[in-house]
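This structure is in structure tokens; I'll ask about it shortly.
Note that the chains take the letters A, B, C and D in the order they are written out, and that residue 1 is the start of every chain.
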Amino acid sequence: MRDLTLAMRRRTDVLTTLFFFIIVVSLFPLGAGTEKMILMKIAPGVAWVAALLASMLALERLFASDFADGTLEQMLLTPQPIFILVLGKVFAHWLLTGLPLVFIAPLVGLQYYLPDEAVSTMMLALLIGTPILSLVGAIGAALTLGLRGGGILLSLLILPLYIPIMVYGAGVVSASATGTTDLQAYFSILSGFLILALVLSPIATAAALRISVE
Amino acid sequence: MLEITNLTCSRGDRQLFTGLNFSLKPGSLLYVEGRNGTGKSTLLRAICGLFLADSGDILWDGKNTQSLAEDYTKEVVYLGHHNGIKDDLSGLENLRISTVLDGDDVTEEQIWNALKKMGLKGFEDLPTKVLSQGQKRRVALARLLLNSSKLWILDEPFTALDVAAVDLLQSVIADHISKGGMVVLTTHQEVALTAGQIQRLELGKKKNKNV
Amino acid sequence: MSAISEFFHAGGYGFYIWGSYGAAILLMVGELTIIKQQYRTILKRLSRMARMNAAEEDE
Amino acid sequence: MSINWFKYSSPTTFYPLAGKMIPFFGWLTALLTIGGLYWGFFETPDTLSDQKEYYRIIYIHVGAAWMSMWLYIMMAAWALAGLVFQTRLSYMIASAIAPTGAIATFLALWTGAFWGKTSWGTWWDWDPRMTSELILLFLYMGYMALQSAIDDPRRADRAAALLALVGLVCVPIIFWSINCPNPNECAALHQTSKPGGGNMDPNILIAMLVVALAFWMYSFVAVLMRVRNIILERERHTTWVNEMLEDKQ
């Protein structure tokens, strides 16, 4: 799709997000002490908070450039249903910010002494969870389009909505790190969230875009 | 056929116009006049569906445009203050994307021809950020040549264009109207429009006249 | 100890109880006062604007 | 002929109507507060089985907590009405509810902290209910922040309304996720530290309900007063506002 070709021309964005994630994750041990037990305990939470923030970072620009040069107006006027276009954009956002985090997750596991099963659990959880972050975030990005201080406002609006994903995303990693094997329920809930977000978020985002473009 | 009945629009706390009525038949041009801030752009955006009017209806062939949704946007091409082109992409890529999104079946060759006709020969595959304002405008206007939509809504299409390009655009508009198309446009420049049936609508007066 | 001070003492929990009730009264009365204040300033400003407009029309 | 339900949805007719309703709800608030608190302080025992006199915080705590949630639902409902019917008044009411809702939420947290200090020995605990209230406060803040960040009132109204609806969809999910972070043993986490259920003194229950009702009436007063402000502010260019101003002079 269009957004991918466009996004590929700004490859540095991917690296920025990725390095942001790595830096945030690396800072925690320096602040909280490098004791193995503590690190293992906070690892899931840290990884998810860093993922939330990294995903927020690029959200602000999700529709901003299209808004500025008028292509967003044009997209709203095409005979394509808007939610398809929104899905395309969100998918591009996820490919560039969410997917890299999944692959970088083993590094977190290394830094925080996580057992192997926990690392693979974390990768799977991030794989399901990060698209939800992109989807929900898109609503906020559409609402704060073109506003002064939109980035800060965006985090104020969206971060509370991220809580459930973080609770279960981090919960499943903790559970797996402490040796629980029954993780099915966590993944069912996360997948449920994903389906819900896939259905509702593009509609809400499309409505928000219409409001903001006016 | 485009019909506007009892349209009322406001921006912020201010009411721009109320109870606006007019209709536009195939093969005619509507020239929206008025001073700055009288709601010309808003009216145009309301017609194409980007702006939600306070009240009133916009009918396309007798049907409400809001319920027609995609069936209506298919028939409309809008060109606003922004060119709606991506700086990072070339003129060629920009047009290819917009034609795909518009659902028009356009060949690569047609795009080259359209750009050539707009006087952009040799600039086709440069990123548009290296082009001048007028050249960017021409890329945007090239969309008109590739589009099969009936209704053109042009907000200040003549800005940033040189004399030759103004003439060219005029002939393009005239051509579209002679083929039974409709054009709604605003302009601050006094441009001699030669196209067939011309209607004028002046905004910002106490009563809206329909000539 | 009189009955009233005993009542306010509330078995040693006076601070907590009156801390809660005090906050409630403060916030609610405060909210209403602020709205009332806003109302007055809006009215004042609007009537000033109306007078200004009337003066302009007279000229 | 059918009744014109939309008659009162116009700010012009609603403004004087609200003005007439405010004193009515005001008196109701005062009456219910005095009645409820009298009942709660003088007709109830000083000590419950495990709680001492501090349990009297309950009257305002529960009232505020109920109102905070109810007001959010009402706010989202008016927002929805605004988006569906395109009535400006609905947006105005929705945005008038937000600050009162935020205050109720804050009050619930504040009184909760005082209660927590006496009953659990700590000002703050990551108790699911308190955490939920905190999140609710964030949602109110987000709504107000978005509304005030947008200069164009039309866009502000509609964007904030959409946000309220999105919040409404997410609220149950958020609360539920806080309540049972471990889906395998959800029920075990439910706290029963508050005096509730079957063994509550009926007098306390009555007082609690009456005070909660007083809170409700109070929020009517505050919201109606604020709506009047918003109407005046937004409609200042219209003739009816100017005529009304002339009448007052």
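Definition applied: a residue touches a chain if its C-beta (ideal position, glycine included) is under 8 Å from a C-beta of that chain, and two chains touch if they have at least 3 such contacts.
Note that this is a predicted model, so its numbers are computed, not measured.
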Of all other chains, the one whose Cα centre sits farthest from subunit B: C
Between A-B and B-D, the pair with more C-beta contacts: A-B
Whole-Å separation of chain centres (CA-atom averages), subunit B against subunit D: 47
Geometric centre distance via CA averages, subunit B-subunit A, whole Å: 38
Subunit B and subunit C, separation of their C-alpha mean positions in angstrom: 54
Inter-centroid spacing, subunit C versus subunit A (mean Cα positions, whole Å): 43
Per-residue overlap in subunit B, given as positions that touch at least 2 other chains: 52
Touching two or more other chains - residue numbers and ranges from subunit D: 154, 236
Complete list of chain pairs which touch one another: A-B, A-D, B-D, C-D
In the complex with subunit B, residue positions of subunit A that touch it: 2, 5-6, 9-10, 65, 68-71, 73-81, 85, 210, 213-214
Touching residues on subunit A, where the partner in the complex is subunit D: 139, 143-144, 147-150, 153, 156-157, 159-161, 163-164, 167-168, 171, 175, 180, 182, 185-186, 188-189, 193, 200, 204, 207-208, 211-212, 214
Of all residues in subunit D, those that touch subunit B in their complex: 86, 151-154, 234-237
Residues on subunit B engaged by subunit D in the complex (per definition of touch): 10-15, 52, 54
Contact footprint of subunit A on subunit D as seen in their complex: 135, 138-139, 141-142, 145-146, 149-150, 154-155, 158-159, 162-163, 165-167, 169-170, 173-174, 176-178, 181-184
